[in-house]
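In order of appearance the chains are A, B, C and D, and numbering begins at 1 in each one.
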Amino acid sequence: MDSALVLDAAGELWVREGRRVKQGDRVAVGHKEDGSEGIYVHASAFLGDPGEGGEFKFMTSEVSREKPIDYSLMARILIEERDRGGYPVWVAGPALVHSRARNDMTWFIQNGFVGALLAGNAVAVHDIEASIFNTTLGMTGSGEATTGGHGLHMRAINKVRAAGSIAKAVEQGIITDGIMYSCVKHDVPFVLTGSIRDDGPLPDVITDAVAAQDAMKQHTKRATMAILIATALHAIATGNMLPAFVTEPDGSLRELATICVDSSEFVVSKLKDRGTHQAFGVVTNAQDFMHILRLYVERELDARGLATNHGRLAVAGGVR
Amino acid sequence: MDSALVLDAAGELWVREGRRVKQGDRVAVGHKEDGSEGIYVHASAFLGDPGEGGEFKFMTSEVSREKPIDYSLMARILIEERDRGGYPVWVAGPALVHSRARNDMTWFIQNGFVGALLAGNAVAVHDIEASIFNTTLGMTGSGEATTGGHGLHMRAINKVRAAGSIAKAVEQGIITDGIMYSCVKHDVPFVLTGSIRDDGPLPDVITDAVAAQDAMKQHTKRATMAILIATALHAIATGNMLPAFVTEPDGSLRELATICVDSSEFVVSKLKDRGTHQAFGVVTNAQDFMHILRLYVERELDARGLATNHGRLAVAGGVR
Amino acid sequence: MDSALVLDAAGELWVREGRRVKQGDRVAVGHKEDGSEGIYVHASAFLGDPGEGGEFKFMTSEVSREKPIDYSLMARILIEERDRGGYPVWVAGPALVHSRARNDMTWFIQNGFVGALLAGNAVAVHDIEASIFNTTLGMTGSGEATTGGHGLHMRAINKVRAAGSIAKAVEQGIITDGIMYSCVKHDVPFVLTGSIRDDGPLPDVITDAVAAQDAMKQHTKRATMAILIATALHAIATGNMLPAFVTEPDGSLRELATICVDSSEFVVSKLKDRGTHQAFGVVTNAQDFMHILRLYVERELDARGLATNHGRLAVAGGVR
Amino acid sequence: MDSALVLDAAGELWVREGRRVKQGDRVAVGHKEDGSEGIYVHASAFLGDPGEGGEFKFMTSEVSREKPIDYSLMARILIEERDRGGYPVWVAGPALVHSRARNDMTWFIQNGFVGALLAGNAVAVHDIEASIFNTTLGMTGSGEATTGGHGLHMRAINKVRAAGSIAKAVEQGIITDGIMYSCVKHDVPFVLTGSIRDDGPLPDVITDAVAAQDAMKQHTKRATMAILIATALHAIATGNMLPAFVTEPDGSLRELATICVDSSEFVVSKLKDRGTHQAFGVVTNAQDFMHILRLYVERELDARGLATNHGRLAVAGGVR
């Protein structure tokens, strides 16, 4: 998004950010979208008949907390993505780490529903704080502040810095459960990007925004689905990088299913305003979203007779 | 709340709204709260040591979508209320009617967790629309608009008007499931109050605000717990009527547990600003709240070896 | 809105609420909008070419706090309404009463920009509290709570009840400035409708919702413009009653300009979801909206060389 | 904030981020705040008697859109800061750039009310887009989308990249008015920090989050006041860096006045939750805030007989 269309010497077309365009490159230029200057924009060319209903209708529905949330449909999409070897990219804000939501995110990673995890320093910090000290942001799982709890995330950061990286802290038995632990154990790649609000940061965090965008793009370009939860910054950044369509093995195109969860309609509207038209919004609390989505996925798997890995690393010899 | 303290001829103290105070009544009068004019206010006299932790700490915690929600605690409180024959008053806005939330509310009624239901015309209208036409606000259970759906709530109102009342429409087999149906079948009293926004209204609706307040008070004065879901108007009206404390059989006092669910922090803050200090807030989508709360209540009942009425009216001879 | 189309004996068409339709009335009936059952819906028939820009484009723009607010346009519309003898209906929530906003609303009434005021009990109560005690909701004009201030609105209600009505309290010199005072002095009609949240209520309040709707309709059917400020309940109720078009003296139709001000996008979206398509939303604080709108109206009047009544009742012989 | 207290060889105490603490440094260590482990926390030691009212009371008041906003007080604080040579740090999100707000921000810079400006890439991009193309985010000043407007910010970025920097683009006459122009012309330092959401970015943007924090701290440590407008990320980042107190020339301490403006209560609550206790919140639209604040400052200056630079760079020989 917001990039130039470049024709290379071999006759192939590339989409490149402005800073990657070099002098001499052949770039498509035009101020109009009607073809009069050589560029013709047709945003819905690949979508087929808009009246055909079903999934497409749901996707384009307006965002409102007053509408029912179709968890069944989302559960089916997630399972289908897993079945066909898709690459669902999860993008999460720190609300995901608290209490039950952390367990649920861990469950999705362990059961193969996460292609890659994109997040900020805080998600990893509080997840690791929970593994080491049993608090997040200094709060217990039921939301009570603990004495001295406000400093525990700094102590967690220090332990990981001493180990050298999150993976090493997992190896050394410092981090023993949770989201980052499961990513490491299940070889799910993650990108942690820095921001000016970060404490620490953790050694794995990419503090340069441009380098971080490049790291994120390694995953967004492979994405076959996106789940954006409780983060305006990361959701809109990812939305800017996501392709609008996924190419199927037979060459046909389908819209890239994009679920955006936030506690108000605002983030989803903002996402759509900035061109991620295919996003559909779920207006709810991130913790509750995760819990019900997992419940529906479990029910659907039960109905299909598929076993799940119930939050335990079951197999002898480990999971790696 | 916002009433006068009246000493009657028999020497008993009553709390009366201004419009009920008669000429000649002896009314406590004072501008100060420090006892210098005969009135001494001590809001926390009955609360014991604030440092003792546990339930009390949770109750007074600040409202924020960033805090974990303690569904286990709420489930335990609900079950304890049922076990001791309490009178939990549920107050609901129309968001409760959509899709899964309607089933969940029905389940709570059927399983004895609802002492009384206070709501507006719209809750009953869309619940009945769902029973007759299978839509709410013209949307299907998965949130899709249906052709001509915008008129179905009017047709539902007309059917109930023709029957004469909600109870008669249940008797005549017009309404066959849902929230209002279960209230009628399980003898759970309900108060439907009118507003200037109402279509219809249904014949059971009390359109006069003062009469409606009186009808609500018949239930709030018996309340031993309150659950306020997705409604600013009804939640704050009820908050104004709720006593702050419940008298136990042994004469001791405990705070009246008050749960307020809304999609933003605002309603709960407003409730507290207007004097319902004991309210604790859950910032989430009403549908998701209902689903997870039911799940936790079911789990807790399972753990206690108690059977539930799984959404079916099971017994031969009916439930009444 | 949500009414029946009735053909009377004289061959005239009337729009009637369901409860006003009598046995034997001839009512237009149909489930389709395409004419196949005798009803053909064409919502934009009177709007002309949608591509012509200007006012229409602004009206239909999406609601977002990220968009500039065009106060100049709103100021011009207000002045034009006044110039052609229009009937702008203002609908306000209690946020309008605090501090500067109260002065600004008073100014609009005094300067002829208000055809009618529709509000709830609280708006009048706190406006009168401000006139008598110099507080609103017990707060000073700079937002500080005052000792004993939480009871002042009850004392204000009592004074008006003793006088018999707001108009009598103005006559008797109890209420000496503000919104209600100016309505009385300038013969601007007002409708105060009751709700279950009300203290009091004031003697002028219509507590029956159906009677209140009828009273509101006396003004909405004359409306040539609507300004809905900081109230979900009253805004949506009024939206349901507003015609979508105004008939010009020459018989042509123009959209009824409808401005909806709220601190989030939600109320405006809700208004549109319920059929008030022509509403355009301003996402801001009601106090700030009033202050800037007045400023722009004053500037525009200055530019046109028109004097204003600067918050004083200037003319000898009084204003009535 | 979230840093270590280090005692250096010369016996001086320093506050250092974890990553700056070196092996061998003497660091204050303790888990308790009661002095039992050598650390004693007294957050309000310097505040004097909390009961003395006035400014202090306003500062600690709860955040709510229902409270009056005291623009007079804020205007007086701003003028006093300017009069005593203070260093007010302004932190802004992109909402500040649209339409009137851009003019108002420019006015504050030109009239000496801005010590430093901290913002992200987007603020500068859209401000420069407005100078070159007369749109922001592709919208006109009245909020209408323009054809091809979605690409104009990219063209603006390209022009600055070609010039080399914002200052050079001002020198070369590419940027001729607005916020960044005025910062350059009036020698007001600015820090633009990058994020993963950025297009471009502009050449002046510090893309590394840790380097950006360091650049921001050069200003926050000099700050005597802070105004945080319509940005969660930058407001909380700055809040983390701001000292809670300002040392007066006579060695006494006063709270660092911190104004936080946002369209909901959430950001301010979050800021307070993370330790910026002294922040007071204004819940409104950023554009309207800027316009009314400027109006009140102008009125106050008029009352004091002080001239202002009315948005024009008036003096012969330029302003530098």
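Just so it is clear, contacts are C-beta pairs under 8 Å (C-beta built on N, C-alpha and C of every residue); 3 or more make two chains touch, one makes a residue touch a chain.
In this text the structure is predicted, and so the values were computed from the model without any measurement.
Common partners of chain A and chain C, by the touch rule above, are B, D. The copies chain C and chain D differ by a rotation of 180 degrees on their C-alpha atoms, rounded to the nearest 5. Of all the chains, the one whose CA centre sits at the greatest distance from that of chain A is C.
Taking the options C-D, B-D or A-B in turn, the interface that duplicates A-C in more than half of its contact pairs by residue number is B-D. Note on chain placement: the centre of chain C and the centre of chain D lie 38 Å apart, centres being C-alpha means. With each centre defined as the average position of its C-alpha atoms, the distance from chain B to chain D rounds to 44 Å.
Centre-to-centre, using mean CA coordinates, chain B is 31 Å away from chain C.
Multi-chain contact residues of chain C (touching two or more other chains): 65-66, 264. Residue ranges of chain B in contact with chain A, taken from their complex: 57-58, 61, 65-73, 94-95, 98-100, 136-137, 139, 141-144, 263-264, 283-285, 287-289, 291-292, 295. Taken together, the chain B residues at the contact with chain C in this complex read 2, 18-19, 31-33, 147-148, 150-151, 154, 157-158, 161, 193-201, 207-213, 216, 232-234, 236-237, 240, 275. Residues 62, 64-66, 264-266, 269-270, 273 of chain D are the ones touching chain B in the complex.
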